[in-house]
Each structure stands twice: as C-alpha cells, then as structure tokens.
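Each of the next two complexes has chain A plus one other chain: chain B in the first, chain C in the second.
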Partner chain A sequence: MFSEIAALIVLLPVLAFILTLFLGKRLYSGGALLPIAAIAGSFIISLGVFFEIYPDKTVQQSWPWFAGMNLGILIDPLAIVMLLMVTFVSLLIHIYAVGYMAHDPAKPRYFAETSLFTAAMLGVVLSDNILQFFIAWELVGLCSYLLIGFWYFKPSAAAAAKKAFLVTRVGDVLFLAGIILLYFNISDVISSRAFSLDQGNFILQFRSMFEAAKFIDPSQLTLITLLFFGGAVGKSGQFPLHGWLPDAMEGPTTVSALIHAATMVTAGVYLVARTFPMFAATPVTIAPELHIPDSLLIVAIIGGFTALFAATMGLVMNDIKRVLAYSTVSQLGYMMLALGTAGAIVGAKAVGISLFHLISHAFFKALLFLCAGSVIHAMGTNDIREMGGLSRKMKITATTMLIAALALAGIGIPYLNIGTAGFFSKDAIIEGTFELGMETGGWGWIFYGFAIVAALLTSIYIFRLWFMTFTGTPRSERHPHESPNVMTRPLIILAIFALLFGFMQSGFYLYLEKNFELMGVEIASHESEEALVLPPIVVLMPVIVGVVGFLISYYIYHLKKLNMSRFVSSGNPLYRLLINRYYEPRISADIIGVKLTHNIAAQSGEFVDRKIIDTLIIDNAISNTLFRLGELVRKLQTGVVQNYASVTLLGIFLLVVLLKLTGGI
Partner chain B sequence: MSDLYSYLLVAAIVFTIGAYGIITQRSGIKILMSIELMLNAANINLVAFSSFNGDTAGQVFALFSIAIAAAEAAIGFAILVVLFRVRDTINLDNINILRW
Partner chain C sequence: MAALISLMILIPLIGAIITFLTKTRQQARAVALLSSGISLLISLFLFLSFDSASSSIQFFESYQWIGSLGISLKFGLDGIGMPLVLLSNIVIPLTVLFAWGETKQANQFYGLILLELVGVLGVFSSLDFFVFYIFWEIVLIPMYFLISIWGGPRKDYSAIKFFIYTHVASLVMLLAIFSLYFNAWQISGKPNFDMFYLLENYSLLDGWLLKGIITVKDAIFVALLFGFIVKMPAVPFHTWLPDAHVEAPTAGSVILAALLLKMGGYGLFRVILPILPNSDSPEILITLMAIIGIVSILYGTFLALAQRDLKKMVAYSSIAHMGYVTLGAAALIPLSVSGAMFQQFSHGLITGVLFMSCGVIQHGAGTRIIGDLGGIAKHMPKLAFLMMAGFLASLGLPGMSGFIAEFLVLVNSYFTLPTFVILALFGIVFTAGYHLWAMQRAVFGTFNEKLGHIHDGANYEIASMAVLILLIIFFGLNPNSVLNMMTTNAEHLVRFVALRGVIT
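After this line comes the complex of A and B, so read on.
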C-alpha cells in the first residue's frame, strides 16, 4: 500500500516548499508547520514502505523519459535506511528550527528552502538511475548555496555560499563527466552486442550500469568510478575539496545540522555506496599486494587521509561550529575509508559498515549541531573562549551534548557490547582496517594508522569543546538560559538514538548485505574462511584512544593542569599552520584563484588581444571597419514602432514574392 | 470549396486591416487592438482549415492561440498603463528612447 505512493516521499516536501514560499507569511511561525507536516508524512510513508519490503523486497517504479533514459524510484535496503534517517533527522531539525529561528524575519524563505533541501536529498536517495541522481544532486547543491547564504546581507555568509557552490561545482563537473563517459561506454557495449538491456530496463539505471560494468574496458571503468568519486569528494568535503564545509558554518545552525547530518554531505558517501559494485569491479593494478581494486584504494587513501587531516584542524578551532564542521569532514573520511578498505575484504558488507557509521553519525552530529545551536542561541556568540560554566544554566543541552560527544568519541565497553552508537559503528571501521593490515602487512597498515590516530584526535577535540563550553567558570558577562521545549525535545530524542542506535548493528549489517544481491550483483569477498580472532588489544584500542583523548582533554581543559599558552600562540609554527587551516583558504583563493586563474588566464588573454590581434592587422583595421559599419547600420534603429512593423511586413512580402518566383509555393 | 475561400477572404481582409492599423496608428492602444485583429485573422484561418480538413487539431490550436493572445493583451495593456504613469502619454511616437 505504501509502496505504490512511494513517490510522495519526495513530492510532499516539494509541495511544502511551494506552499511555504507563497503562503508562509500568512501562516503561523512563517509556515513552519507545512514542511514539518510534509516531512512527517514522508517519514511515515518511508516507515510503511520499510515494513512492506523488509527483509528482502525492493520497490522499483520507472517511467520512460527520453533517449533510452528514464525517471524512476528504487527503494532497496540501502535507500530505505537513508530515507528513514533523512526524513527523521530532518523532521527533528525542522521542529527545532521553529524555536531557533523564532526571531528571524525571513522565516517563510527559511522553511521553504529547507523543505526543498530535504526534498532534493530524498530525490538523490530515491533515484533509480544516475541521471536523475545527478539532477537531484545539483538541486542539493543549489539549496545549500541558498541556505548557507541565508543571511546574505553578511558579506562573510555571501562569500561562504559562493565558495560552497564553486568548490562543490568542481566535483559536480567531474561527476557529470563520469556520467557522460559511462553513457558512451554502455552505448558502446550495447552496439557491439556484448551486452543488451533487458526488457523494461533503461540505459542509465543502476541495475543496467552494474550489469554493463562487466563488459566495459577496465581502465575506462576505473576512470568512470574515479570521476564519480570526484563528485563525492566535492559533496562530502574530502581532501582537497574540503574547504567549503567549515566556511559553510555562516548559515543558521539548523542549516549546518541539516547539511552535516541529513541532507548534503552524506550524498557523496551515498554515491560511492550506490555505485559500489562498479568500484569493486575495477582492476587491481596500483597495489597488487593489497588486493584493493584501484578505485577503492583511492577512496580509502583519500578517506583515511581526510579523517586524520581534518581532525588535526578540529583541535585548534575556537568557533564551536567550526570544530564540529571539521569533525564532520573527519567522520566522512571514516565512511570513505570503510568503503575502501572493508570493500577489499568483506565485499558488499562494506556498504553496511559505512552506512551504519553514516546513520549513527547523522544522529549524533545532528545532536551536536543542535546543542551548539542551543548554546549559541543562549550566548549570542560562537566563540568557545567566551563560554564556560554553561552546564549549570543549560542542563539538558549539556547532558545531551555530552552523550553526543561520547558517541562521536566511540566510548563503550568492548566484549559486553554496551556502548554509544559511535562505539559500534566506528569500531567496525577500525577493525576493518586492522584486518586489512593483518592480511596484507606492509603498507596495508597505513589505514589502521590513519583510523586510530584520527580517533584519538577526535576524542581530544570533542571533549575540549565540551569542557570549554560547559565546565569551569564563565569567561564573559552574559546571561544564558536553557532553550525552550520546542528546541530541547528534539535534543532528547536524538540523544536517545545516539545512545541506543548501536544495538541495531548486527541486524543492520544483515539487512544491507543483501542489497546488491537483490539487484543480482555479486561482489567478491576475500574474507578468510576461518573467522579472524582479533587480539584483545585491537578490540580495546578504539576505546582506549577514546578514553585517553577524554583524559587528555580533562587534564588540560578542565583541571587546567597544563599551561597551553606556549602551544597556543602565534609563535608556534604548528599552531599557526593549524589555525590557518593549512593555509587552504589562502591557497585556493590567492594561488589558484588569483595567481593561476586570474593572472595567467587574464594576462594571456590580454596579450593575445592587444599584442597579436590589434597589432598584427595594421593599425586596428578590424575594429575601425567594424565601428564604421556599425555607424551606418545603427541608423536603421529609429525607435519608432511603426517603422519596424512596416519593415517586417515588407520583409514578409518580399519573402512570399521570392518563394513564388522560385516556385516554392 | 467556395466556403473555404470566403472564410480565407474574410481572414485576409481582417489581417490587412490589422496590418494597416499597426503601421498608421500612433496610440499604443490602437496598435494593440490591431495586433489582436491580426491574431484573430490567423485564428479564422486555423478554424477554417480545420473544418475544411475535418481535423480538430486546428481548432484546439486556435483555442490555445486565443488564450495566449489574452495573456499577451493583458501584459501589453499593463505596460501601457505603467508607461502612461511615467510619461503621461501612450503615443508611441514619443516613446522612442531605445534607438541610436
């Protein structure tokens, strides 16, 4: 029953977008109820679909579009867990926003745009073909631009919006190039009769892509998947296109929560997970001893490096939202790492491992952002140096944020299997990298190194944030107060999920493992037959680094036993490097933007124009002739309508006469 | 057969009147009215041929054309109203700043 109306999942928020945009001003709270109702509807439909298709059915509806392509929806295990997460988290964020945005005059625009944002993300998740996926993906990019620049009168917000749009655009162009290349390759294998589309299948459907992938030239396949990954790098803020995500904090905090948890950055991971069979089908040439297909190796390297790289910057940021932003970049790196490394060993299970972290991350990261929003709402500043001692004034926020921090740091009790969501999801990833190291040795260990060091840094920066915000003495004269119920209730709900979601782990893996089998795609697994018994130190390691990170932060930022002023000063080159974010903004703006693009392109253009074209033809002959011609012709434009009409009629008359003479009519 | 010719003749006459109006008149309203005449001449042709060929597509098309003509007239008159407020005239001879 719900499966037939599955298209409504995406159409309801679109409808809410239109209604809120035009009618929002006259409705209660800027029309916030419309998107809330619509997204709640989407959530209920998703839930209904889930119960109908669980455990081994899919929903597939396709309508022909043009040139062998189609529009359609596909709900398989991968899509339904994303649908549930996106609608649920987005719903809570929308409810929270009623309180958070209460004093903003532009509420209708806000709620319309977030509704469209959610709809676009749902469109990405629901797509059954890569073209529609790309269209929704672009819509997500547009909405992020609109929402990051929501306070467009602030120059920094306008700049951040532009940066987000342009940087993700780099990825989008790569992604589009990948789609075009894929299209030509599939057309090739179809025309060479190596492969033919089944009845009712369309050329760019995921199903057809996976079937055709076997026949595509392997080097082409590597190129296609890497181009796809380029798109994912842009959208998910992976190195080197990570710079836009921290800047995107200029938007309202609720928008940051949406971008970071539910609606945007996860799209990149979802893209790789969605096209995972193609990644897994690429040949092993770069590192034969690691047994990782080329594209997955690149995914793993970029992901692992980003996880560590972003975590180092999270250590020194003073803006509460920036710390969280780097944390997101880092955690997305983990998800990519999981896809890359685990993909080599456990095959299709990697998607489950990555998606599990994606969803548990969505819960606790949305919670972290909403808590940060609650703090900002109370304090009126983003700077954690001006906070402190808030736990007495804001008990609910402090507690829920502590839960989120524990989840992010992956605190739990191994062997008893009790812990926060992050404990289960992150552990699986780190253990996956360990298994890879065990199997291959040598360079294979580098991923484990990335993962474990990043986990330590994660724990340090998130507890630094918590201690600096909530404990100690207030460092500025303000009068914070706990947020209203409409804001704290979503925090509590999310906190429950951040605490308990981990217990769904084994069921989740089982459910997602079947995802590609349902499409008839087999992904080879290289898992050794006998179950690998992990040594206790490995099982304990993620928790140990989590606790060590907690203790370090406790020691430095709560007990204040260590004087940090020697480290935190502009005299320290390492600190300078980190606080300036590895000079990434300067590199992208000054070197790539001004020096490369502007100076070289503009100056060479000027050189060609002035020095070659103008002087080669003697004394500006071309331009002078054109000027004189223009002087003559412009007299025809008299500005009198009647003249134009007469000339038009005359022209038609002449045309008819000409046609008559030449025998045209 | 002769039926069709008489319709076409009417259409041609209406069209010519419209064309004449556009060229000779100065008032914006009169020009818009002349444009409507020309459009309707085309509609007469459409309906005449449609009836002659026994194909309803032409009549449907004429309906579309009427709807679009209505929209166009609404915009045209709206522009004239605004113009009148700004320039105190709708004499198109005086509204000729968009030229060389």
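After this line comes the complex of A and C, so read on.
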C-alpha cells in the first residue's frame, strides 16, 4: 500500500513548503512543525515502501508529460536507501533547526525553503527519467542558492549564493548537453530501427537509456557519460568546480548540514551511480592495461585527485565550517573514486561500495556540521583560533563530535570488524584501489596513492579541528554553554548511527548488488573467482594512517610540542598556496567572472553596440538621412506625427499605382 | 460561434473610443479593464473550444471589403495564432491593472493600451494580407504615443527611433507583399489579398533582380524576413529596442516586449516557414536565420551583462530570448518549431514580470541604475520575491515555462543545427550570470541608505505580477495546454517543408 502513495514522499514536503511560506508567520516556531511532520511522513512512507519491496522488488509508476517525455517514479534498492537516508537525516536537521534558528525573524522562509530543498532532493532520487532528474536537480540548485543567501542582507552571503549557483550551473549546462546528445542518439538508433521503445516506455527513462546504450556509438556514449559527469562535478564539488562549496558557508549552519549530508552534494554521486550501466558500457581506449572503461577512468582520476587536493586545504583552514567543507569535497572524491576504480573490477558492486560510503558519510558529516553549529551557537564565532577548552562546557557536543571525527578518520579494529561507520565504508574504497593496483600494476597504483595519503590528511585535519576547539585553554573571553535538548538529541541519534551503521555493510552490499539486474541490465565484472586475500599490511594501513594522523594532531595541537609558526606564516609559499585555496577564488571570480566575461566580453559588446552599430551606422548614416526626410515631411504636413498614419496609407496607394504602371515586378 | 473573433477585436476598439471620451481616470481605467476583460473571456472560450488535433484554421470568418482590389476581412485561428491571441488577452488586462494608478491623461493612456490590444489581436488573427498589414501598422501608432507622451527624458528620440525603425521594416515588408499580390493578379487575372493564396503563389515567381545578384523569390523572402526580424528584434537591427524600453512607461514596455516583439516571431511561422521550401536557395536562407538566431542569443546575453540600467538589461535579455525563436524556427524539426512558438508565449509572460519589476523599482526607489540600488529587498520584500521568481523564470529554471521552451528548442534543433545548439549552450551560464549578478547588486546585500525612504509595490502592481508568475509556473508544469496545438501546426509546417525536398 505504501508503494501506491510513493509520490507523496515528494509531495508532502512540497505542500509543507507552500503552507509554511504563506502561513508560517502565524504558526509555532515559524511553521517549523509543518516541514517536520511532512518529512517525517516521507520517512515513514519510504520505510513502508522499503519493507514492501525488500529484497528484490521495485516500484515503477509513470505518466506521460509533454513532447514524448514523462513524469515517473522509480524506487529500486539504489533509490530506497537514498530515500531513507535523505528523509531521516533531513528530519533530524529540521528538528535541530527549531533550536538553532529560534531567534531568527525569518523562520517561515527558512523552513519553507529547507522543506523545498528536501523535496527537490527526493525528486532527484526517485525520478525514473533523466529529464525529471535534471529538473529536480536544478531545483536543488535553486534551493541551495536561496538558502546560502538566506541572510541576503550580508553582501558576502549574496555573493556566495551567486557563486554556488553559477559554478554548479557550469556543470548543469554540461549535464544538459549530455541529455541533448543522449536524446539525439536514442532517436537515431530508433530511426535506424536498431532499437525500439517498448509499449509504455518513454525515450528518456532510465530503462530505455540503458537498453538503447547498447546500440549507441561507443564514442558518443563516452561523450554523453562524461557530460553527465560534468554535471556531477559541479553538484558534488569535484575539481575544478569545487570552489563554491567552501564558500557556501554563508548560510545558517543547518543549511550547510543539509547541503553536505542530505540534500545536495550527494546528488552528483547519485547521478553517476544511477547511470552507472552507461558509464560501465563505455569503451576501454585510454588505458587498456587498467581495463577501466574510459568514462569510469575519468571519474576515478577526478575523484581521487579531488580527495587528496581538498584534504590539503582542509589542513590550514581556520573557519570550523570551512574545514568541514573541504572534508566533504574530499569525501565526495572518495565516492567518485569508488565508482571509478571499483567499477573496473567488481562491476555493479561498485555502486554499493560508493553508496555505502555516501550514507555513512551523511551520518557523520551531518553530525559534524550540527556539532559545529552547536559550537558556533555557543561561541558566536566560526574561528577555531578563538575557541579552545570547550569540552568542559559542552560535554555532549564534544563527545558526539569526537565520534564523528573518529568515523571520518575511519578508526576501527581490523579483523575483529569493530569500528565506526567510516571504518567500514572508507576502508572498502581504499582496499578497492589497492586491488586495482595489484591487478594492473604500473600507474594503476596512483589511485591507491590518492586514497591513502588523503586518508592520512583527513585524520590530521579533523583532529586538529577537534583539539583546537575542545581541548586546551579558552582563547577568548566568552561564556559558552551546552545547547538545548532540541539540538543535542539529534546529535546523539546521529552519533549512534555514525558508530553503528558500519555493521550493516555486508547486507547493504548484497542488497544493492542486484540493483541493475532488477532492471535487466548486465554489467561486466573482472573479479577473479577466488576472493583476493589482502596482505595484513594493506588491511591495517587505512587504520594505521588514521591513528598516525590522530597522533600528529595530538602532538601538535593538544600537547603543542611543535611550534607551527614557521609553517603558518605568509612567508611560507606552501602555506600561502593552501590558505589562498590554490588561488581558485581569484581565478574563478576575478579573472573569469569579472575580467574576461564582464570587462572584456560584455564591455566590448557594449562598445560595438552603442558606438559602432548604433551611433556610427544607424544614427549617422541612416537615421540622420531619415530624420531629415522626416523633418521635410513634417514641414510639408501639419507637423504632427499622427500624420505618419496617413502617410503610410498614402504611400500604399502610391505604391499600388506605381507597381500597376510598371506591370508588377 | 460566428463572428467571435471580430467581436473580440471590436470590443476593445469600442472600449478604446469610450475610454478616450471618459472624464475621470476612475472611469477610464474601469472601462479599459472591463473591455479587455471581456475580450479575455472571449479568447478563453475560443481557447477552450479549440481543437488541438487539427492544423486547419478554426473559427473562420470572412466579409467582403474592397472587392475590386480583392481585399476582404478574413479572420481565423490555428495553433500558431491561438496561443498568441490568448497571451495578448492575458497581458493587456494585467497591464491595465498594473497601471491602475496612472494619473497623467489617464483616458488617453488606457485608450491607447486598448488600441494596442486591437492591433495585436488583428495581426494574430487576420488571414487577408492587406488587413494584416493595416493591423501591423496600427500597432505602431499607440506605442509611439505611449513612449512620446508618458516616456522618460529622451522620449522624443526614442519614440522617433522606434517608429522609423519598425516603419521602414514594415514598408520593406509591404513591398514584398505587393509583389506577391501583383504577381498572383497577373497570373490569375483576378486580384486577391488572401494570405494563404498569396503564399502559395510565391512558388510561381521567377526572374532575377539587381543584374542577376539575387532571384526575385529570394529577394521577396529576404524582404519579408527583414520586416519580421526587425520587429523581434534580431541583431543587428535591434538598437531601437533598448532605447525604446528605457524611455517607455512600464505599461508600454510590457506591451512592447510581451506582445509587439511576438508579431515578428509570428511572421516567421505564418509567412516565412511556408514559403521557405519554395525559395531558390533554402539552405542558405536557413543558415542565415540560424546565424541571426544564435548571434541574437549570445550578443543579447553579453550586452545584458554589460548594462547598468536594470531595464536596459531586461531589454537585452529579450533580444537573447527571442533568438531562441529564430533558432528553433530555422531548425525545422516539428518540436523545435513548436518549442520556438512556446518560447514566444512563455517569454510574453516572463518579460511582463521583469518589466513590471523594473517599474516598481523605478517608482518605489526612484532609480533603476543597478549600482545606485542595493539591498532593496529589506524595504520591498514583495517586489523582491516576485522579481526573484521572474528572474529565475527568465534564466530558464525548470518548473517554469521558459525551461520547457528552451529545452525543446535546444534538444530538437540539435538534429539539424548541432553547432548552433552547442554555441547556444554557452550562453546559458552567462544568462544565469547577469540575472543573479543584478539581483545581488540591486536587491540583496546591505541597504543603500542614500536611497532614503523607499516603498514596496502597490497591491495592484503586486497582484498583476503574482498572476503572471502563477501562469509561468502553470505553463511550466502543464505545457501541453498550449504546446499541443503548437505542435500540431508545427508538424504541418515541417511536413510541408519536407515535401518540397528541403531537408531536415
């Protein structure tokens, strides 16, 4: 019965959006209860659907829309795990926000927009076709724009919102180009009769796409999937479109939690996972020795590089939210890396590996942000240099944040299979890159390199953050206090998930493995029959780097045994490079945005328009002549311009006579 | 059923006369709203009883006029005209409502607005080429006065420029119409201004002009095309538009952008595409149109980015958006053509909101210069909300009508004009760029205290903008209600083109 009302999963939060926007002012806490109830409803329906379709059923509903397109719902294992995560995490963040946003006068707008944000993400997740996916995807972008710019009267917020929209828009245009190319190619294989749409299927539905992909020219398929990936790079903040995410801190911290965990950046990873059969079907031409399909190879390289690249910047940031933002960029890199590298060996299982990290990350990253929110709420600043010693005043926040940090660093005990969520989810990815290196050798090892070094840096930056915030002596005169229950309860719930979610690993993999088989899509895998037994050092390595990172941070930031002032100074070029974020803001905003686009392209266009077309040609050459003629006519006539009308009619009759006399043309 | 179209045109005409005669502004605006409202009801009835599956003319009416010259009053609607008739009848009452507070020579002001409605309805429903041309010219005159009486400081310059530009283009078009007319007369021995008859007889033209540089057929094609694209307007014949908008009163701008520009696009579908296959060099002419389309898109976008006056920026955005109409028409795929038609309809609604926003800002804050504004959302929250929605629609946000139009044009034009589509995609990021950049500087950020005391839009202004936004969302989610009839006629047009062997 829940399957029949699956559309309500999206529609309830949409309804809450409309009601809260217009009636919120008159309701308790700015109408917060409406989205909370709606999202709780979505969560319950999702849960109901899950129990109905587990382990091997799907929900498919579809209605015709315009021009051969359709609207529809597809809930398969991939979608349902996302639905459960998004609704659950979003629900907790909404509850937390009742406390966090308590003193903001614009609460109705806040809760309306976060409700729409959640609805848009749910729309992405349960789309059964790529057009609807794109539409919901764009609405996600819209909501992030509105929420990052929530405090629109702050110039920095307005600028950050615009940057987020425009940078992701670059990706969106690539995504759209991919859809255009896909539509063209599917139409092409239909008209050449290589492929036909089954009764009731629509051209841009995922199942049509996967079937048609077999007939599409391989190089076109590579191009299509890479364009899709371009969209994912924008949305998931991968290099080189990562710059908007750390700037997206201008909104309320709860918005950051939503963006980073539940409702936005994971959409890019989800896009690659959703269209994974097409990525896996691309030809192997770039690196035959690695056996990785071209598009997956690019996904792996970008993902792996981003994982490392973002982690380096996380090391030096002083804004508590910005450290976490780079951490998100880095972890999303891991998810992409998992899809790319694991896809080469284990085929469809890669989706499970990536999604498991996505969901485990959602729990601990939401937790990290909400803890950061709790700290900011108490301290009134984002700067960790002004914090310190908070663990005595904020026991719950400090403990839960430590749990989240341990999960992010992937701490656990190998062989006993005890550990945090990140221990299970991230280590699987790192081990996958090792297997790839083992099988292919050569430069196949580069992915393991990315993954393991990034893991070390991850551990360093997150414990640096924790030690600087919670231990030592307070570095500023403030009187922090623990946050109210409505904020700490969600922290505790998320902490439980960050600790225990990892134990669902094998069940999760098993469930998602069959995802594409349910749609009748086969994905090749190169996995050897015998399970590869990894040497102990490989199994231990991720945990070792995690612990080493912890110790380094403990040594430097807790014991303060190492004077960092020589490194942390503007005289150090490496530090300068990192603190300036590899000059990305300067390149994207100043050079591309202002100088190239506005000052050069737009202003020279303006010059051409006003000075050449208008003044030189039209005004001087043509209009002046006409003006003189007009003056003449005006003098001949009564001088009133109504007479243009009579002149027109007169002209018509003159022409009639003239043309009649000459016998037409 | 009979005579509904002529009734729909006649009522605003009578309304206009009565409005001119009214003594107070209250009477004037009431008459204006009432008569345009009745016209809207008639068009709604026509729209709802329209058969979307048929590509032929519906609600046909014909009356003898000047028999000796073959001129008669013929009206009728198909999927090309019907949506635009509906659009005109939506936009005009809302414009009257938006301008509810007009005090200067109110009777003339509202009367001229009604005359605009008469003109555009006539253009979109006339099937006699001579009558079509008369309505085409009628539209110019009230707009000239709206700009020159109620306009800004440089109103005289702008009004004359607007008039001369579009008038010259119309005369060139008229020459072409006459050549068609006399040619057909010569062949059949009987004068007839029937539009379809003349367009069919286009294929019988032959000969060369200008010592063999261009054939007669191509010359007539280019002359007609010129008449239409100046109106749209397309680069490089566009410079009258920003000037006209900057000086025009808000109501004038709304009508100009939402309806008058659509006449040019209408001409492409009604006149240009049917004769295209019979021209002597269709491939070259298609490429010419595609180039005009893409240049308008990109050029309009970059120029919009350079503007300091909010209204001028919106004017340039119109040029870019109308470029999609030309591009979609040139691609000659059924759904690209109906996407282009949908773009006309959608842009009419969206640009209305944008120009109304500019009007409310001008009125409430005293300036439209983006750099002089700043943070006005604080004191104009309703305006900020609706303007944001309008800007999002204009930058092509899915869920709103503009997305459907641009998506259809881009996806389907790729079949025949792939390079042009790729170029158009580049414009999308910059389109988002200038919209959001303008919002950031004008509406968001810290409030510019130099503006002093500013106030939000009046209720009637906010209401008319809100109605437009609701319609934009309605047609964005439910495009079929107008798209189906457009697609029927687009398929008909394209089949006709394909039969002549111009391929797509």
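The rule is simple: the second predicted complex is superposed on the first by the 601 of 665 C-alpha atoms of A that agree within 3 Å, B and C clash if a C-alpha of one lies under 4 Å from a C-alpha of the other, contacts with A are read in each partner's own complex, and residues count from 1 in each chain.
Definition applied: contacts are C-beta pairs under 8 Å (C-beta built on N, C-alpha and C of every residue); 3 or more make two chains touch, one makes a residue touch a chain.
No experiment lies behind these values; they were computed from the predicted model shown.
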item: First, second, both or neither for A:Ala601, with chain B first and chain C second; value: second
item: Chain B versus chain C as contact partner of A:Ser196, first or second or both or neither; value: neither
item: Comparing the two partners chain B and chain C, which touches a greater set of residues in chain A; value: C
item: First, second, both or neither for A:Leu142, with chain B first and chain C second; value: second
item: Common ground on chain A, meaning residues reached by chain C in one complex and by chain B in the other; value: 641-642, 645
item: Touching residues on chain B, where the partner in the complex is chain A; value: 19, 22-26, 31, 92-93, 96-100
item: Touch list for chain A against partner chain B, complex; value: 634-635, 637-642, 645-646, 649
item: Residue numbers on chain C that touch chain A, as the complex places them; value: 69, 137, 140-141, 144, 148, 160-161, 163-164, 167-168, 171, 174-175, 178-179, 182-183, 185-186, 207, 209, 216, 236, 239, 299, 302-303, 305-307, 335, 338, 375, 377-378, 392, 397-399, 403-404, 407-408, 410-411, 414-415, 421-422, 425-426, 428-430, 432-433, 436-437, 439-440, 443-447, 479-480, 483, 487
item: Residue numbers on chain A that touch chain C, as the complex places them; value: 65-67, 131, 134-135, 138-139, 142, 145, 149, 152-155, 157-159, 161-162, 165-166, 169-170, 173, 176-177, 179-181, 183-184, 187, 593, 597-598, 601-603, 605-606, 609, 613-614, 618, 623, 626-627, 630, 641-642, 644-645, 648, 651-652, 655-656, 659-660, 663-665
